[in-house]
Amino acid sequence: MLRIGVIGCGAMGRSHIDRITHKTRGAAVTAVSDVFEEGARKAAEIAGKGCKVYTNGKDLIADPDVDAVLIVSPGFAHKDDLIEAIKAGKRIFCEKPLCTTAEDCKTVMEAEAASGKHLIQLGFMRRYHKGYIQIKESIRTGEYGEPLIIHCTHRNPSVPESYITPMTVHDTAIHEIDLFHWMVNDDFDTVQVITPKQTSLIHDKCRDPHIMIMKTKTGVTVDLEVFVNCLFGYDINCEVVCEKGALTMGKPMAPVIKTAGIKSTPETMECYDLFKEAYDEEIQNWVDCAADGIIEGPNTWDGYLAAVTADALIKAQQTGEIVRVESVGKPDFYK
Amino acid sequence: MLRIGVIGCGAMGRSHIDRITHKTRGAAVTAVSDVFEEGARKAAEIAGKGCKVYTNGKDLIADPDVDAVLIVSPGFAHKDDLIEAIKAGKRIFCEKPLCTTAEDCKTVMEAEAASGKHLIQLGFMRRYHKGYIQIKESIRTGEYGEPLIIHCTHRNPSVPESYITPMTVHDTAIHEIDLFHWMVNDDFDTVQVITPKQTSLIHDKCRDPHIMIMKTKTGVTVDLEVFVNCLFGYDINCEVVCEKGALTMGKPMAPVIKTAGIKSTPETMECYDLFKEAYDEEIQNWVDCAADGIIEGPNTWDGYLAAVTADALIKAQQTGEIVRVESVGKPDFYK
Amino acid sequence: MLRIGVIGCGAMGRSHIDRITHKTRGAAVTAVSDVFEEGARKAAEIAGKGCKVYTNGKDLIADPDVDAVLIVSPGFAHKDDLIEAIKAGKRIFCEKPLCTTAEDCKTVMEAEAASGKHLIQLGFMRRYHKGYIQIKESIRTGEYGEPLIIHCTHRNPSVPESYITPMTVHDTAIHEIDLFHWMVNDDFDTVQVITPKQTSLIHDKCRDPHIMIMKTKTGVTVDLEVFVNCLFGYDINCEVVCEKGALTMGKPMAPVIKTAGIKSTPETMECYDLFKEAYDEEIQNWVDCAADGIIEGPNTWDGYLAAVTADALIKAQQTGEIVRVESVGKPDFYK
Amino acid sequence: MLRIGVIGCGAMGRSHIDRITHKTRGAAVTAVSDVFEEGARKAAEIAGKGCKVYTNGKDLIADPDVDAVLIVSPGFAHKDDLIEAIKAGKRIFCEKPLCTTAEDCKTVMEAEAASGKHLIQLGFMRRYHKGYIQIKESIRTGEYGEPLIIHCTHRNPSVPESYITPMTVHDTAIHEIDLFHWMVNDDFDTVQVITPKQTSLIHDKCRDPHIMIMKTKTGVTVDLEVFVNCLFGYDINCEVVCEKGALTMGKPMAPVIKTAGIKSTPETMECYDLFKEAYDEEIQNWVDCAADGIIEGPNTWDGYLAAVTADALIKAQQTGEIVRVESVGKPDFYK
């Protein structure tokens, strides 16, 4: 039984507590922390009696009844808890982003490498989505030749007033940044952001839509449409064009309904609906690998790479230019 | 140039006149007839100046400027004009039904055979529909083994008050009767009509829906849903189950639209929309074959077979029993 | 923690032991039994150390460390263990069939009713399949009117020599018998089996394919194609035709691949692949309801109904006639 | 009856002669010309007796039995015949390109404007394809808001050794250049060519694939994948992303076949198969408009615009830069 302490008791934190308590095998939430004690206390109730309540991550990490730490606090607060948990040698699951700057990501990465143990898994849950796994597996067979282009869309029905232009990278495209580097097993080299005609139906703090072009070192090119206020659905698509075949990701099971002169299928409207099994799987996999002390999911290096790629995309978005992704070489520890 | 006389100037007749005048190559409408002279006169205007107007079929058939006759009058009036045109040795296109009774169909068939010339094509336009042709061609390759079962639907959005129960056979299933006997090149031996739970949304003169089971001499079984007041679309489907493959008919080209939380495609609402190319093709083929004096489309024997199969279906509908299709043997003339 | 004893350690039994041990929350396998002791011993290893081994169900049922019993033995052996477990007041999950005769099913049903406790859940896992649940939910909204017809197929790639004609009912159609009675919340009244042209590609002990027609008391008509040697896939389809809409069950997520001149999707070839989540869900639901002492899944009455409907289908298959389903009235205990 | 002279008797020329002779209503081929007299003679046979044979366009144009000219000669030869036919006041259908340089296109455009008559239609047949027409019509309703992005692919199974890199623009993307400017009723302002990882399966004179980005004056952005040696099909796709809906072009009617463990649909392998109805329609429309002396299809201005846009794309392909499309203002004559 892996005893987990959860740092951060917002909506996402409570969702993870509920998951670990009711779905995950071999794990339990034994402690929670939040700077808002009342929130922490309510979250602890989800886990059931015996769950301890802290108001800072440091104390939670130090608790001997906590074997592993799940960090769901705001991004700016990640670094300190990560460093602390590494020092304590505790297994970590950290929601994205790893840290808010590439520099901090690098610091954490160096700390983990120095500890000599692979401790951190990042919350890029899409790698656990059945649809992407099927595509990656199809590529892996080699039957369709090398992948050359990936066309994809990341469409949201709508975003709140607080969602501003750079979040199209940090909150939205960040998933594709990690996902496709994993899909083709290659790192991004250059990025570009194209601004098409803009929708008139979004508030003026956010440009929308964008086409983001990301090219890997071997030239595989991701052609990503980010359209966060598309109104019609949470519409995630992916087509990988290979040398002798094109692979399109499947859609979740849904009824086809003929009525009133149309044949239709409901569109997913919530990210969570599409990826709920993936969230379950990522946490289960993290728990299952604890016994062997390994990380099979996205690791600290992936978190660092996502940060530097996002930095480049932001610059590309601001300048309209093709921007090189600047990163340190991959440390031996992550090879 | 095939000079055509059209008998019957209702909506369907005018549609054919328009087709021959504006779409068909190598043909022109040179005469029309209708018991309502005014209607005939208006119809003649579609064909343009020079088109003669008659008030009975006999005179039109006798006109030396008429090479071929297209009969679109009500079914009860077909027999006399068919016999007359056979006597005159004129090529005939006859809208379904051939005649309203099997006995009359037989009389016409015998007259044609006695004339020694293949003159009559029936208006079963579905044989010219691209979708059915693709399926028939796929069967013909032999790649999928023998056809065993045909699942199909004939759904109409709605029917008027004048549409009563037996019309589910005479006006609706009649198309499938001809079509699938042609598709598998076999004649029907027994039929059955199953009455499922009935829709509450149709007037009380018409039972709806039905499942009609028609089995050919070699056992190929057509499993046809007739649902004439389904409200949602003119929804024609066909799946042929073979020994090692199942073939589903394609759908017409239509956009896929994502909007307001659904992904949808418009359903065809009118029979004519689905089959307009088929109507064009059947007339063109009938015209093109005139030079060689042959009939490639559904012929008099097919018209007779449809009549006796429909009679059996009506009896099956009334009794709930499995009814044998009673027909004369296929005359050598049609082999 | 529900402590489960598993009776029957064949492939299906071992699969359930593995599921409960590695996927189900709140349960563990504490005992197994099989007449072949060696088989039982190997199965016990899946559950891990501490799992007891018995060579008969009676002893296992009597074990005070067994709270609940999962019966996966051959059908003929179910009755005695069911009666024994009812006497012991232990919760039961019983793989289909409940018993091999309607009479035995009735005896078990009476025993359970006499015990005053709802103890038995039947292994009709399809009720837990997401696709069917989506359709049932769509019907329930009332938006499409009453369901009238259900078109469905149960196609298997192939069957072994040991699979003979009556198994098309007992092993194959049995799933649809339970499923659609649940889907429309109505019992079957009459059944008929239509024998289309037969495939030449199956051994001579099994007729194939069949069309099975099952009509409920209110007339809802199931039009089921059973084709057990179709070669092309494990192809399960379902379309529910309602008064103003037709609902087609979705397909599992699968990539769409364009290569070598075709666009294709892999067909499921194994029943287990299609329903593995449903198996997980049915066991989890059975475990979760233990605390409240209720059965949410298919119960003893459903098992009895399936038996009498299957008997009628067998008779219909042998005679070609429409056969009435003879059943006792629904006991108050199951209302 | 429009009497047409065809200049150029290669494969495409003969195809048009066959079409006009056997499919088009209201037209006939009365003369043909080709520098290879033998080829011209053979082509004339398709049109039937009475069809005159010339060895240069000038004589054909001068023939008083020629009302209209169809130019299917190689692109470099277009200019002189266009000028000649304009002088003769004869109606012209010219296969793409209008001329091989923007300068020549401009000269022709000025000559036509000077003549005061709209004489020339360009052979951009895709505007007559049902799928694109459906999408344009859906946009026109305004129901989905303004179009913002167009994702599209132009994939060919393979190209011969003679097909070299610039032909990806001149022969392939040229269709999309005209099509999407028409679809959204706006002219292209800037273009860019992105070179993804290249297929290893094409000869070394042709780079492949490319992503071509074309932005209109109002910002509508075409995101076009050109992949001329994709091996799997002639795969033309188009999705128009609007402010509140996404419109995907339909596919031609084709059977869905389940066999041997997959469900598949044949991919079109030939451009001609996909667009044959569009070729018929463009010629018919050109013929039908002759009586009114108007051009409804793509005109000389469209041909000029395609030329300058293609020039920009070639430059973008060579430099990797974003290139501005340089054009003269639209002459009043074409407004």
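The chains carry the letters A, B, C and D, assigned in the order they are written, with residues numbered from 1 in each.
We take it that a contact is a pair of C-beta atoms (placed from the backbone, for glycine too) under 8 Å apart; a residue touches a chain by one contact, two chains touch by 3 or more.
All figures in this text were calculated on a predicted structure; none of them were measured in a lab.
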Most distant chain from chain C by Cα centroid: D
Classification of the chain A:chain D interface as same or different, half of numbers criterion: same
Same-interface partner of B-C, chosen from the options A-C, B-D or A-D, over half of the pairs matching: A-D
Whole-Å separation of chain centres (CA-atom averages), chain A against chain C: 39
Length of the line joining the C-alpha centres of chain A and chain D, rounded to whole Å: 45
Intercentroid distance (Cα basis), chain D paired with chain C, Å: 59
Residue numbers of chain C (touch at least two other chains): 231-232, 235, 244-246, 258-260, 265
Complex contacts: residues of chain B adjacent to chain A: 157, 231-233, 235, 258-267, 269
Interface residues, chain C side, partner chain A - complex: 22-23, 25, 130-131, 134-135, 138, 143-144, 244-260, 265
Partner chain A, residues of chain D touching it in the complex: 145-149, 151, 194-201, 209, 211, 213, 215-216, 218-221, 223, 225, 227, 230-232, 235, 241, 243-246
